[in-house]
Structure formats: C-alpha cells, structure tokens
C-alpha cells in the first residue's frame, strides 16, 4: 500500500474530527452536495470541447453471476411475438411492447448512487439523525435520493490509480490511499477541488471483463481505504465514485465492516457511486490527455429510497 | 384545434412519405438520434450561463392513483429499524439500508424514454425490422435502450404551448398541432433545429397537481397530434418529450389507436419521453426569458428493454 | 351486538389470563396447531361421504380494487404468442409458457394464513419470543409458515353467523361475538371441539360480490371481536378462518388496533386464515345440512415467511 | 433402461394415437382431471388410518443455487425490528410483519403444478386450442390453474422406482420406463387405477441433498420417458408427479425437446407436478408398507396462470 494506514481508533475518530454534521445547518440532508455551486456547474460546462459523451455505467442484465446477490428481473408485459399475424382488433389493443423491471441496485453489480441514509454508525446517519427514520414500511424518510431531483452536474475528475501505478488493475485486498490519488493527480496534471465529482479507477471492472465476475465478499476487492477520508474532506470532494463496491475487502477494520462507507456517508455526508464502469471514460481521457470533464448524474426520482441506479455521463 | 387535421389515410401515408427507414443505413437502430452531433453537444454546452440544473421528471412513488396501471414497488431489503439498539455483532452484518425497486415504467405516471422498439405497425418496427424480434423471453433484441448508453446530450428547447395559448392547461382531447409549435416558437424567440430535443408543455402535469390524477384512457388527455409528424421530420427533431403520455386521447384515428407513437417511433425512428414534469423547467425558462438549455438524458443501461425511467436534467 | 363486550383492560388481560405461552413447552412454535392430533385427522377423514371438494379461497387477480394495498403481479416469462408461426428452431427453445407471480398476501384481498409471528404485543410474539427475530433481511426466523410443511388437516366446522342471524351479511363495524358462535352451533347442530379448524362466515365476501370491494380501513368491516378469545381458548380451536380480514373495524379498542389478531396470534398462538371465500362451502353445507367436513390447508413451504397464500379445500 | 424406447416418429404419433382431444367434449379444459370422481375421493378418504400427514413439496428459499433460473424473492414489507423499543403511536400503526413474495415457479427448484396450457405442439395446446390464447398481457386465457379451484383430492400412489431398482437414485440421463412402473407396482403391491395421482420417485431429490444442486440442462437428470405415455393413458392416471423436472435429460428426442411434457400436457391433457420432494412420503410408505394414501393438492387460485406452486399433502 502506498501510505500508512491509520489505526482503527483513528478511523473511528474521523467520525468526529472530520464530521460535517452541522456544517450546513442542523436540518441539512445534502451533505457534500452543498459544495456544488452554480459557478461550479458553469465552469464544468466550459470544459466541453469535443462534444463527445461517454457512459460511466455498467450494463444491467438479468444474468446470475458470481457477484449477484439479488437477480435483476426483466419480464415483458407485452412483446411483439405474434403481432405480425394477429388480427387488426388485437393489434389495436396490443400494439406495443412493455416490461417490468425490478432490482436491488445496492450490491456489487449495478452502477448506483448511495445516499447518506444508506449506512449507519452507532444508531445515527449523517447529521446526527436516528437511523430508525429508515423504516421497512415507509423507506428512507430522510436523506433519500429524491434530494437529488435536479441531478448532480459538476466537474468530473478521473484519477486513474491503476494507470498511475502502472498496472492493469489493483489487486484484490489493495486499498486506494491518499498517495495514490496524489500520484494520479501528478500523472494527469489535474488537481481535485471543492465541488468536484471524483471518479477513481482501480481497473477492477477491466479485470471483471478478463477474469470473470467474482464476489468481493469471498474473493476480496480493491477499493477505497478509509485513510482517504481526511484528504477527501480537505479537498472538498462532493461525490465519490469508483469501479469497486467502494470499500477495500477484506476490511482492514473488522469491527467496522465497511469503514469507507461509514466515514464517507455518515461522517462526511459524502455521496457515493458504486460499481462504476470507468473503462470508456479512462480511454477517452487518455486519448485527449485530459482528465476533467462535465459530469451529469441523474438519479431517478424514487421516493424514500437510499439510492438509485444511474448512468453517469461524462461530456468532453 | 389550431390547424387542420390530416385524414387517417394521410397519417398512415406518413409512414411511407416521412419514413426514415434506410436513411442512416439498413442496419441503423438509432433513428433520429443520428441527428445529434458532437458539434451540437458543444453548442448546447455553450448555452450554460447560470449553472442552474432543473429536473424534468416526475417523482416515482408507490401510491395507487387513478392513472396507475401497474403499482410501483419499493420494499426494503434492510432498514434502520432497531439498528439503534442491536448488538455489535448484528450491526457488523447489517449496517446499511437497501431496497428492491420494481416498476412498469411504460404507462401514464413515470417519466420514461420509449425506444423505437416500443411500438409496431403492420408487423414492423423502425427501419423495417420484424416486431417478432421483441420477445417475451429475450426482450427487445434490437432497438433497445442500451443503444443510448452514452446518454442523450443536446440542446433542449421548451415550447410551452399552454403558455402560448394563454391557458393554464390544454383541455383533455385537445391535440398539439404544428401551429401550436410555431406560435410557441414565436412567443419564445427560439427556433427548433436539427438535433434538438424538443420538450412540449401542455400543462397536463400542472393540472394533475390541481385536479388530481386521471386515467387518460377514461378521462382523455391532451397530447401530440399525428399531424405534427411532417413538421418534426422537417425540423430534424432528435427526441420528443411532453408532459403527457404522448398521444392526444381519445384518439383522432380509431383504427390506429396511438397514431403519434406509431408515426414517430415506427416511421421516423423518433425517440420519445413520456409523462414529463415540465413545470420546473417552464418556470426556469420564464424567469430567464430563455427557452433553450443543455439537456442531459441518461437512460439506465438496461439490456433488451424498450425504454427506461429517466430524470432528464436541464442546465441553464 | 350479541353479548357484552369486555373492556380494553380485560382484553389486554387476556394476553395473560388466556395465554398459551409455555403450555406446549418453552420451545414451542406451533401454538394451537398442537391440538390437531392424528386421531383428529382420522376422525375428519371419516366425515367424507360424498367425495365433493370445495374451495374456501378467493381468486387471486392482478386488478387494482378498492381493497388493494399492494397489486398482485403476473408477468409472462414466455407466452404462446407467435408460437403458431415460429420456426422449428425457435419452438425447440421456447415451447412452453411460464410466468412470474408476485404478491403481498397479507392485506384484504388474498386468502392467506397468518403465523403467530405476524403480530407483536409489547415487543413479543407468541411464547414470549422477541419480535426482533423477524428481521428485514432474514425474515421470520421463528414461528414461520414452514412449520406447517405437513399441512393442516383436521375437521373443519363452518359456523354461518350471517345465516344464524338471518341476514345476507353482517354490517360493517359489527363484531362476531361468542353468542353468535353458539347460536350458529345450535342452528347447525354441530359443536366446536379441540383441534377443529373453525370457519366463520359473516357474509362479507358475498357482500363484496354485490356491492363491490371496499377498503376495510375506510369503510369498516365486520369481523371477529376480541371478546371471542375466552371461548376459542376453552373450546380448543386449532385455527380460525373467516371471510373478513379478521378484526372488526373500526376497532373497538383504539389503543390496540387489531385486538383479535393480537390476542389470537400473540396470546393464544392461534393461527388465522384471513379473507376466505366461504360462499361455496356455505352452500355445500346447506345442501347437505351438515356443517362439518375434512379440511385441508396446504401452505407453501416458504422459508422465513409470516404466512402463505392458501386454497383451503373442504371435502364432504 | 428397462424396456425399449419408441422411435421419435412413434412418440410424435402418440399425439394422435393417445390423444384425449375431444374425449370429454370439445369445450373441455380439465383433461385427465375428469377421471377423478366423487367416488374416487370417497375411496381415497377410506385409506386414512393413521392420521399422519406428510408434505410432498420442497422448501422455497431465496438462495441462488446451481438449479436456479429465476431467484425467488422475499422482501419484508414490515418487520419486527425496533418494535421492542418503538413508541406506542408507532406500534399502533406498525404492529405486524408482512412480506412480498415473488417467484417463477416453473423451472427446476419449486414444487409446482403444470396446467395443459404450459406446453404447445405445432401451435396447439390440449384439446386443439391455439397456443396464441396464452398471451403476454392477459396470461393463460384457457386451461389455467384456476380450473383446479376445488383442489385435486384423490388416491395418491407412490411408485418408488429407485427402490424397486435397488439404487439410491437413478442416474442422470436415465428415463423411467413402463417396466419400471410395473416393477414398482409389484414391489409395493399396489396397482395404478383410473383417477389416481401417480407419484414416481427416482431419488433425484435425495441426490440433491447429498451431492448438491445441479442444473438439469447442463448435468442431465433422470425423469419420465415419453415411452410411458401409452401406459399412463391405459391406466387412466389423472395427474403425474415426480421428484424431477419431468423429462429425462438429455432428451432422447432432440427435435421435440421435452417429449414427456408435450405428450402428457398437449396430447393427454395430463396435469403434472414437477420438482416434488418424495423423500418424506417414501419413508412414510416404507414404514407402513403401504404405497397408497389420500393426496390433497391445492393450487392457489391464480387467474390466467399456467400452474401454481403447491404443497401436496399425503394423508395416511
């Protein structure tokens, strides 16, 4: 690992020392989203030069793979079968195709946003609210994804840690450390600034394409180390995304479980994007030697939900 | 109605006279999406001045309302209940909230994209393919929403027909006609050009907030009239969205059922956004006296699906 | 009402005075199911004379009705459309029809079993276990429907209270009282005995067919009154079913909410069948002047679930 | 294999020579269910001596196993978590647990009934109807499981072919042949007669418990051979169930795919039960040296559905 890892006590201490609770008022639910200003969005739009748009999401399919926890469902409500030979009356009623889609987007396969309500620590979510506000029947009564109804539009910065390390992908169990981010900054000539959406590439999704899917809870996974928290706080990152499930696994801090999620979501109110596909955008950056772009993330306006599947779009 | 409606034979004729089949090659699946060029995206980004982002989507909730065909589902896989008092061991295992979401996004309540595969005419979908390629088991094997994996980013133009007509909302059964679009163009000083995403406001969603939900199949609905097709073809509209289910109801052409869908999707390969919320964006336009903006639509990367729920974001 | 209703304090007292906690051991999860013996089943089989089987369940459909809380879902995984014209190769792969079914069976429309884990009182379920054993992620870790893997087969007794009262149906808000059961016993010449499955007809489902569906939380409903508890305990009823959601509504005891559910499930460990269709079986009883029969209830072997949709079959 | 297998042409011929089309009228949808008479049910009830009930179903769980095609879903609508500490107001509203269950019961894991509408041959289902009556939107408009609303109650006969062969289980790829059934009859002293529900044990489910799940399409499976059809027709079997998915795999007749399903469902109108658990009932038979019993199968009253998950109960 590049950089020394803090002790567990230090990481738990981050929840106090780095806390954003109260920073934007006692009623705040937006957390680090407060760092994205209109001026930031205007500046992001100024980055558009080529007019090339690139997805940062993975496809969503119904396959059961090694990293599937809950199978995605797609059932046709109506199809085109037989509509070439059906009667005119029938065609009038059933002229279109339609489908049911169902998914548990949290997990290890679907690109999705985590709201601060997704994780708890000592009974609390971001800004000191009780975790009991997220109920089975009503869902997330606070800090739900509907807060992002106007989307997240800001400067996106890609820090390609695998590239900066000179590897195809980081090994399972390796954590992204502050030194990795700074090395990647140097390699790409970009500096992360307040309000940025920071996308960090470990090469994990590239490996999936080569080696096949693996379950991170069994095989391990690279991912952000909780040691990043002070750096993210200092730089004012508004949203973090990576091509992992966003916690190095096995966990360095067994009594915390998912320390990066906890410190980011609960302590900082820092929204996450899990399981991204950063292959296309990394290629686009290399081609242009430019690691910054306009990024648009448009979560569905799901009521009372702790996240959303998304397709973040980078615009160069 | 403003403007004379064509006969049914004329509308059926549009499927030949206005056809885009073959225009972008016999293999094309993108249809009018071909009209959005990189230069168009760059120009759209130049429209960003204030850095204000505005949703064009409706919230997605589990309520059963008069316009519900299939109830949206949200079930918590895990909640925060009891996590304030649970044991440390339990908390390690179950520290987060998660949910299942399920929906039939086609219908009358959810803001969603229609791909050309959503509708058939005489056994065919856009570009002459057989509708039997959309099967129950495999889904949409062609012209599926995954084609838009890089999103739709272009100039968005709002034509506020209700405003141009001087009404709060168009009445149920009233169709948007070419004259309406031209009047709205004049009123707003904008002209629809090739590659634009055209958003047309009838006030239908504003009425829903006031009068409550209504089922368009029973109560009727304003919506685009098939008479618009020549105008849309001529102007080179890349995508059409409105605050209706996108067919004036009751249908003016009983033997076609949904003539606007048929002519747009099948004949033109023109992608649609149904059931938008254009209230916020209309207000933002009025405040700025500007009816053009960068629009980003980011469909989920659903495999083999005839559309996607979306949250289109207008950036001023 | 026939019979005087106990005070709320008395009903709450039932949870102690009538409690079956510990009666069948501290580990017991079966509750009143313990009262059904092999001898009881043999005796029930001896009641079969005509060989006529009759359903006691309602159809399960996808319609949204006034009493729908969660819409039932049925989506075809594969259909027969186009299989009359498909190629031989296609037919080899897709020769059958299949479907996804999904439902929340608890509620007001689907005939289903309630296990004792379905309701809590003061943090406890039947036999003194903590309600926290029923978790979002794992489901019902105790007192789940899988306990009934061998089905419920016993004597079924129909007490037709509406008939005994001489009405087509009991009015909404009217509770079934002990006197009702005894009057129905006298009218039908049958006496409820230990191990019986007691089915009580209020006519509520007949009314639904005539007047249309109504939401019991809004319109009220007839149903069992908590005053029945001592009688049920004394007689040794093994399972209770009725053509209601099994609590007279509006509730006579506002601070309890669903007092019959609470006393039956939590206090007695008495399993329930909600929302039955007792019209066919009532007719069969009248025709034979016989109100007892073999009853077979076969819950699905759902793991960790607090009930099951069922189709109880009466065999005469 | 015991007995010589017919040629494919012969098996296809069965669809004519053994056909039950028209046997019970041109409108018939019940097929072999017509063979179960009231007298048959009375006789079945006379078999009850011990009053012991035994499940013939497998548990239904959410695990993804090698034989999973579609994952079963169980999500709690409400749980007991936190109900030990919640406020009285909260408890009044949320005093119970509830869940959503969803499944595709057809496949290789869930014990379920197949209706005749489940399979097609040359565009037809049982009794000559068009397979196009099973549509995506409406479901099975004929020959749906609702026909069995009064359940299936008859004599159940277990023919334990694995036991008669003297093996723990039949090998994958081995078909059950007429000689197997006759050997099992001789070994158990029972003769299959008109109206019986015939349950045939291959030991396949016992093997699953020992060797773990396997996907029959990949690993193969024992199962009924289409050669059984004349025997089943002659004996008047009303319903067939086995501990397999009910077609020996790999298929002996590649151009038919699932020949047993086709001949049974389409030709004979013979209803099937797939994926049974016959371990408990086999043990109960051995203990009593009696291979006949009352069998009760109670499909859910699902509208327009080609089958139902079931828990068949044998009563000794």
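Things worth noting here:
Letters are used for the chains, namely A, B, C and D, taken in the order the chains are written, and counting of residues starts over at 1 for each.
The criterion applied here is as follows: a contact is a pair of C-beta atoms (placed from the backbone, for glycine too) under 8 Å apart; a residue touches a chain by one contact, two chains touch by 3 or more.
Quick caveat: nothing in here was measured; it's all calculated off a predicted structure.
Counting the residue numbers used at the interface between chain B and chain C, over half appear in both copies, so the two copies meet with largely the same residues. Set against one another, A-B and A-C show the most C-beta pairs in contact at A-B. The rotation that brings the Cα trace of chain B onto that of chain D spans 180°, given to the nearest 5. Rounded to whole angstrom, the centroid-to-centroid distance between chain A and chain C, based on C-alpha atoms, equals 46 Å.
Chain A and chain B, compared by their mean Cα positions, are separated by 26 Å. Counting only residues that touch two or more partner chains, chain A has 70, 73, 75-77, 79, 81-86, 100, 102, 132, 135-136.
Every residue of chain C that touches chain D in the complex is listed here, in rising order: 37-43, 45-46, 48-55, 57-62, 70, 73-77, 79-85, 88, 91-93, 95-107, 111, 117-121, 123, 125, 130-136, 139-140, 146, 149-151, 153, 255, 257-258, 261-262, 294, 296-306, 309-313, 315.
Interface of chain D with chain A (complex): residues 64, 68, 70-71, 73, 76-79, 81-82, 86, 94, 102, 132, 135-137.
For chain A in complex with chain C, the touching residues are 73, 75-77, 79, 81-86, 100, 136.
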